[in-house]
Structure formats: C-alpha cells, structure tokens
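To keep things simple, chains are lettered A, B, C and D as they appear, and every chain counts its residues starting from 1.
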Amino acid sequence: MSEERWLRTSVGGASADAITVRGLDLASELIGRVSFTELAFLLVRGRLPEPGETRLLDAILVSLADHGLTPTVLAARLTYTGAPESLQGAVAAGLLGAGSVFLGVVEDTARFLDAVLADAGVSAGEPELREAAARAVGRRLAAGERIPGLGHPVHKGADPRTARIYAIADETGLCGARLRLLRDVAEAHAAATGRALPINGAGVAGAALADLGFAAPLLRGFALLARTAGLLGHLAEEMNTPLGMPLWREVERRAADA
Amino acid sequence: MSEERWLRTSVGGASADAITVRGLDLASELIGRVSFTELAFLLVRGRLPEPGETRLLDAILVSLADHGLTPTVLAARLTYTGAPESLQGAVAAGLLGAGSVFLGVVEDTARFLDAVLADAGVSAGEPELREAAARAVGRRLAAGERIPGLGHPVHKGADPRTARIYAIADETGLCGARLRLLRDVAEAHAAATGRALPINGAGVAGAALADLGFAAPLLRGFALLARTAGLLGHLAEEMNTPLGMPLWREVERRAADA
Amino acid sequence: MSEERWLRTSVGGASADAITVRGLDLASELIGRVSFTELAFLLVRGRLPEPGETRLLDAILVSLADHGLTPTVLAARLTYTGAPESLQGAVAAGLLGAGSVFLGVVEDTARFLDAVLADAGVSAGEPELREAAARAVGRRLAAGERIPGLGHPVHKGADPRTARIYAIADETGLCGARLRLLRDVAEAHAAATGRALPINGAGVAGAALADLGFAAPLLRGFALLARTAGLLGHLAEEMNTPLGMPLWREVERRAADA
Amino acid sequence: MSEERWLRTSVGGASADAITVRGLDLASELIGRVSFTELAFLLVRGRLPEPGETRLLDAILVSLADHGLTPTVLAARLTYTGAPESLQGAVAAGLLGAGSVFLGVVEDTARFLDAVLADAGVSAGEPELREAAARAVGRRLAAGERIPGLGHPVHKGADPRTARIYAIADETGLCGARLRLLRDVAEAHAAATGRALPINGAGVAGAALADLGFAAPLLRGFALLARTAGLLGHLAEEMNTPLGMPLWREVERRAADA
C-alpha cells in the first residue's frame, strides 16, 4: 500500500502552528466557541451539531452518566484501591465492564428498531409500523427472549429518564422514527402480555442516538463517554472517602466466617 | 465497620422512582437542564458550576480532546482491529497510555505551581511570586530537569491552545493564581536560559483546572474525559476507514525486509 | 441472600497461617512441587493435571505466546510509551485487542467442532464423523463463511505449530475427538474446494484445549495467559530498545507528508 | 530514521514457514521441549533458563498467582458480570489494580535492597552488609516509612510463602545477595523496633526475581503473569458460580437501607 494512503485520518491533526479537529481549527473555531458535547458530536460525525441536536445529545449523556454503585463503578473503585497512582487504570477498569449486560441495551434496542423499520418497509405509515412492531414483539416473546429497551430491574414502574428524553426530543423536533417506534413496541408488548414494561433509559438513549444519525456500533461509545464522567465522580469520592478497602475487608471477613 | 457506614456514597444512586446525582434529581433537575460538561463538574465537585466555570471547563475539555494520531490513539485503533466487538476495550486501551509521559504534564504543572505558591507564602504579592517562580525554575534547571508546562515537541513557537485558554479565563474572571504564575514561570525560564519555551496546552489546562478548584490527583481525570471523546472520533473513523490493519501490515512488511 | 452463601469461593483463600489454592496448601503442597503450568491447570479445573496433560498444556501455551509485532503487541508497546510507570496498563492494553479477530479462532474452532460432534451423534464412528464434518464444511462454504481453524494469513502452506501439537497430543494419548475431527474438517474442506488450507495454530490450540476438557468460554483465557508472557518479552525489549516512539514519529512524519 | 532500523525486534517473529522466539525456532526447539515457564524466562531474558532457575521461577510464579478474593479479583469478577463476552476485558480489569499498593512491594523491595547493596559497596562482606541494612532500616523508621518486604496485613506471624521460596533458592544455589540481605533487613528491623515483622511473599518474590537477574522495572511483570493464572481460575468459577451479581445486589440493598 502506498505511503500516502495508509496514514489518512480526517479526525484531527497537529502541525507546528495549528491543531485541527475534523477540518476545523481548534484555537480559532472551537476552543471557547463550542461546548465539549458539540465537539464530541463533531469528532464522531464530522460536522458540528445543530442547537437541537446538542440539546438532545446533552440530555442523553446526562441521563447515562451515573446510576450509583453499579458493578463497573465498584470495579473502578476497587482498581483505584490497588493502583491509586494510575487514575487511567481505574477509569479503564470502570469502562471494561460496560459490555453486553449493561450497555448492550443501547445498541440492541437501536438494532431491534432498525430491523422493525426494515420489516415495515420504507413507505410504511403508522399502522404498518405498529403491525411490524407487534410482529417483532411476538417473535421475541415466542422465542422466550426479552424485548430490548423494555423493563428495568430497579425502575419497575417508569424509568425516570424516559419521559424527559422524549420531551426533549419533541421540543427539538428530533423525535424520529425509532423513538416513535419504541413507543409502539412498548404498547405491542403490553397488549401481548398484559404487563406494561417501561421503556428503559438505555433503550430510549439508543433510539434517540440512532435518530440523531449515529450508526449502531457507535452508540455504546456515547454511553462510555457519559460513564467516564460518572467514574470521575466516583473516583473523586474514592480519593477522600474510600469504599474499596472497606468493601474488600467486609468480603474477606465474611468469607472467613463462612 | 457497621453495615450502614461503609456503603455511603454521595455521588449518586437509584431507587425505583428516582435517580439522583450529587443530591440532585436526574429527571427533574438535570436532564435537559444542564449540559454534559456541567454534569461532569457536578459529579466531581458536588455542586453545579457557575456559567463562567462551565465556559472555561468546556474550553479546557475541547482543547485536550484530540491531537491526531498519538500513541494512545494508535493503540486504541490497533485494539479495535483485534476486538471490534468490544468498543469499551478499544476505548480503555486508548486511555491506558495516557500516563506520565503525555498526561503527566497536566498534573505536574499544577503541583509545580502549587509548590511555588507555597514557597512564596500566602501574603505574597506579584514581586514575591516572580521571585519564587525564578527560584523554582533555577532549581529545576540546575538539576537538569524540565519545567512542567513549558515546551512542546510539535508546537515549537506557541502552542495554539494556550492563548485561547488564557483569553477565556480572563473573560470569565477565572484567571487565577496558578494561571498567572505560569506566565511568571515562562518568563523566568526565558530570562534564565535565553530561550523562550511556550506554555503548552497540557500545562495551561492543568493550571486552569487547578484554578477552577480541582485537586491535583483529579486533573488528569478531565484529560481522560476529553480524550474519550477524541477516541470515539478515531474509532468511528476506524470502523469505516481502518488504519490498524494497514499499519500492522506495513510494520510486518518492513520487519521482514530488515 | 444469606451472608454465608454469597461469598463462597473455592478458588483460593488466605488465613493468617495458610494460603490455599483449590483446597491445596500453597506452601506445603504447591510451591516447589508443581510448575506454574500445573498450577494454572489446577486454578481453572480444580485438580492437578496428569503428566501428559501438563506436557500438552505447556506445548499449547508455548505455541500461543508470541507471534511477533502483532497489533496487540504494538498496542502494548505504544501504551508503555505513554505510561512507563504502569506496566500493568501496558500488559492490559496488549490483552484488550485479543478478541474475536485474533483469539476468536481458538474458541470458534472448539465450538464448531463441538457442533459437528453433536450433529454426528454420540455413537458416531469415523465414517459418520467424516460425513458430519463434510456437511458442516459444506454449510459454511455455501454461506460464504470461513471454516474456523483453517488457513492463516502468514503461514500459507503449513502452520509450524500444528504438527508439533498433534505430535505431542499423540505422544501423551490426548489426541481426542476434536483434534481428530479437525483433521477430518481440513480434509473435507480440501475435497470441497480443491484448496488445501492448513490447520492453524489457534485452531489446533482450541481443539487441544477442548480435548483437555476445558469449556469453550475458557479457551481464550489460556491464549491470554500465553500472550501475557509474550507481552512481557516485548515490554522488556521496549524498556531498552523502544519502538513505540519511533513508530509514532514515523506515523506523524508520513501523515504530515500526505 | 532509516526504514530498516526502527522495526528491529529480537523478541520474535513469524515468516511463512517458521515462528521464532528470541532466535529459537518455535516448532523444532520450543514446543514440547520447554515448559511455559521456561519460555517466559526466554522471552524476557533472551536465553533459556538453567534447571535451577526454572525451578525457582516456577516457585515464585506459583506463590504469587492467587490470594483469594482480593480487590483486583473482585474487580475482574465484577467486570465479567457486565461483559461476559469479553474475557480479555475481565482479565485486563483484574490486572489494572495490580499497582503500587499490592504489587509495588515486589519492585520496591528489590529497589530497596539494591540501594542497600550500593551503599555497602562492591567489596562488602557480611558485617558491612548488615551495617548497611541497619542504616537503611534506621533511615526508613526515622522517616516514619515502612520497610518494603516486611509485614503483611493477614500473615502476621510468618508469611507461608517465604520459607518455601528461601528453601528452593537454597536448593538451587540461587539464594543470592538480595535474598540474603532481606534476612539481614528483617533482623535489623526486629532489633531496632523490638517487633519481628515477617518477610512477606511479595518481598521475597522481588528479592528472588532480582537475584535471578531480572531488572527492577520488570519484576512486577512476573507478578502480573502469575496473577493472570489466578484470574482465570476466578473467572472460571464466576462463569458457573457468580459472585459479581450477588455482591452488587448486596451493596445496593445495604446502600438503600443506609
């Protein structure tokens, strides 16, 4: 492969006098002109967001950043316990558990909705979309599978994040096909089972991010970005009020008693 | 330790009906009301930022997010090459190299400035601060050590990020003791060596974050948060225009020729 | 859940006077009595290996430990470049890319062979196994998919590791159903396509590990263990003869020229 | 830099027909001829070990592999809970906490002993070495610092690993200067404080690895290799008898009660 071609990156670069990000000059066009959220959108998408897109992406990131002492937060805090000199190690450890079980919902929901949209076809109106939703829900239930985007182990009634994300999506005119379809899916599930499972925060985030135009493999990336902020909060607390050592001592004490 | 005490976290939590972050209700007080940057400040600091603080933190995060095909970005893209199913692995790999060599400057600069401030004393005026800066620079130079915050392998003349960060710090009234002292340090170095080394982006970020009130061990955390966005941009590109495989093939080809 | 039950681990533990590993006393029964390979077998399996099992596991680990400047090795060395104070970060980064693309073959081959064995049925003799192999190969080829365990981008003729692993498996009487079936699969592929693809090192390792009795999700764990040793070799070299910085400079130089 | 020079690695490589490790042919000279431990020695050191060196390195690795439900093991198991599809993520998370607090002792002990040896001088006999040990211990105690290699939070009387490592070092004639000096250090500490702190397992491992000729920055690498085996054991158990989820539920339950 020729020398010139394999080093092509459009993400950014630095010369002696300038740093560019997706073709924009960092110093004159970005620092102090765009928010970090707008820069994240630019980095991934290649263009700056519209104000409504920024508002919705901010809402999504805020909704995903923290959920208390989750397994990944505990892993990060326990890692910090052993290696306080490497904050990047603790943050990395806190992200590594953000896989299929917890973050998978974000991507799985978007892919599920995309499959329903494909099944309904490009010219589908609301009735066709509802039918496609009902078919997809029926297939999953028949196979004994969960419906991505519905239900939550803690938020049994309604996930506190869902209504707010829908509200902001409506306010900004960005309540797209997947966000609307996710409501149809929830209704189809309730109709089929007699149980109303709430749309969960990860699912609404996945639908909203997909409606914002981000490709499915990237969706969990925004959840990782959000979680990094949550991890910094927990690690800041761990530096002053550690729970890693006490948790370990407790585990040891009870294992010894067992 | 009693059961109740060792699980105390003030960072956030979730009950059936509510998610809180540092005591604020996520749904009603945060989603759609604060930006992601404001939430990051809240998570680490325990309170929401003032508008000027948000503006400066946004500027700092934007300035640190990407610097092209750095070693950590290459590591992330190479990791994605081998494990595209685990975006969190690639992001984690991209953060793990953000240690002493590249990110250390952020923290080292803040600690260096804090030491100078301590040496000058609480009642020091500008002349005493300049003298303390000159003393500290002199000691480092005599020991053959670098001055944290000065110089850059690429940006030899002026680091494009520095002037913008100072401008925004001035605009927001947040040009604090460390940011001002860093200028004294640069002048002292130029006077002592006859060479003017520019204040680099990591150094001005460290001084600005410290002037924003964040403790030294946390400063690299904001750089990690910023870099996560940069990594998402590079991984988004890697998904479509990979350079991991071509880079590897090139390394192999040339090793075979050697 | 009751206190006593949730902390049950049989892997190991430590009291004031003793450390146990899978019920054996570390000091009196393990240190100086078993090799590290035998301990690894014990840790995962819960019993010490027979001499033949040790010999084969040693051969497998030795065969998988290093393959030159692979993407994961480059990622580890680039991570060390940025964070030399955190060897564990560099090792971790070198393992994170060991996912589906490079290590997946180990597990995929074992699962593929298990599926063929299941298809052939418990009372299958050699002819039935060959037919089942041919059916499975046919289905994969018809779907345009690769056959796990066959082919290698570098070792086009024969993978140097394969014959040795088979020889040691034969010597130790541990050439089990999967190792034998893998040969049938290679023959079926050659018959179906007219091209003889060699059995690759990761595939023979997966078959051999499965024949040693390890469950499919664990197989890549042994590859990770082997690679950790390879990474230590590369990082030892990186400490003295770095290629991370030169590689980065080269990438930057050529990106600037592009 | 010329093309040929920057890709020089002596660790290993692969051509179409052969894989080499430190110059030896993998298929004909290594697979089935050396153990994994011998290969690890070769990878790091560049030569195969003598039988006594193998025996001692095996003993060291066996001694360091597992110590029950430590913070890093908990982190690995919690990470697996969230991302069971990425075993490499869980292993990596389990290694990232192996930093200064837990593994630092291995390296710190070796560096401490090297400093005492340097202080005593090349021609020091036993009396001079004991005096240098006493001086070093005195300086640390006066500064309120711990003596690396002494004491253990669990093994208060004697660390079960220590006597065995010394015994094997004696058997193999590899009880070198640092292992001997570590005994002097322990005696000097007891004489100075009236309290006999035991030589701990990490300390004796560090001294033994250094006496085996490995450089200080590499020592924690062998501990990481050992721990990888321990982590595989714990992750194997986690696949069948998870404690990640129960631990998390317990933490949540008690946080809710608080």
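The rule is simple: contacts are C-beta pairs under 8 Å (C-beta built on N, C-alpha and C of every residue); 3 or more make two chains touch, one makes a residue touch a chain.
Please read these numbers as outputs of a predicted model, since none were measured by experiment.
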Rotation angle superposing chain A onto its copy chain C by C-alpha atoms, nearest 5 degrees: 180
Pair joined by more contacting C-beta pairs (A-D or B-D): A-D
Residue-number overlap at the chain C/chain D interface, same or different (half cut): same
Between chain B and chain D, centroid-to-centroid distance (C-alpha), Å: 32
Distance from the mean Cα position of chain D to that of chain C, given in whole angstrom: 23
Computed distance of Cα centres, chain D from chain A, in Å: 38
Where chain A touches two or more other chains at once, by residue number: 5, 7-9, 13, 15, 68-69, 83-86, 88-89, 92-93, 96-99, 103, 247, 251, 255
Interface residues, chain B side, partner chain C - complex: 68-72, 74-76, 78-86, 89-90, 92-93, 96-103, 244-245, 247-248, 251-252, 255
Residues on chain A engaged by chain B in the complex (per definition of touch): 1, 5-19, 21-22, 25-28, 30-32, 34-37, 39-40, 42-45, 55, 57-59, 61-63, 65-69, 84, 86-89, 91-93, 95-99, 103, 154-158, 160-161, 163-165, 167-168, 171, 215, 217-218, 220-222, 224-226, 228-230, 232-237, 239, 241, 243, 246-247, 249-250
List of chain A residues in touch with chain C within their complex: 3-5, 7-9, 13, 15, 83, 85-86, 88-89, 92, 96, 251, 254-258
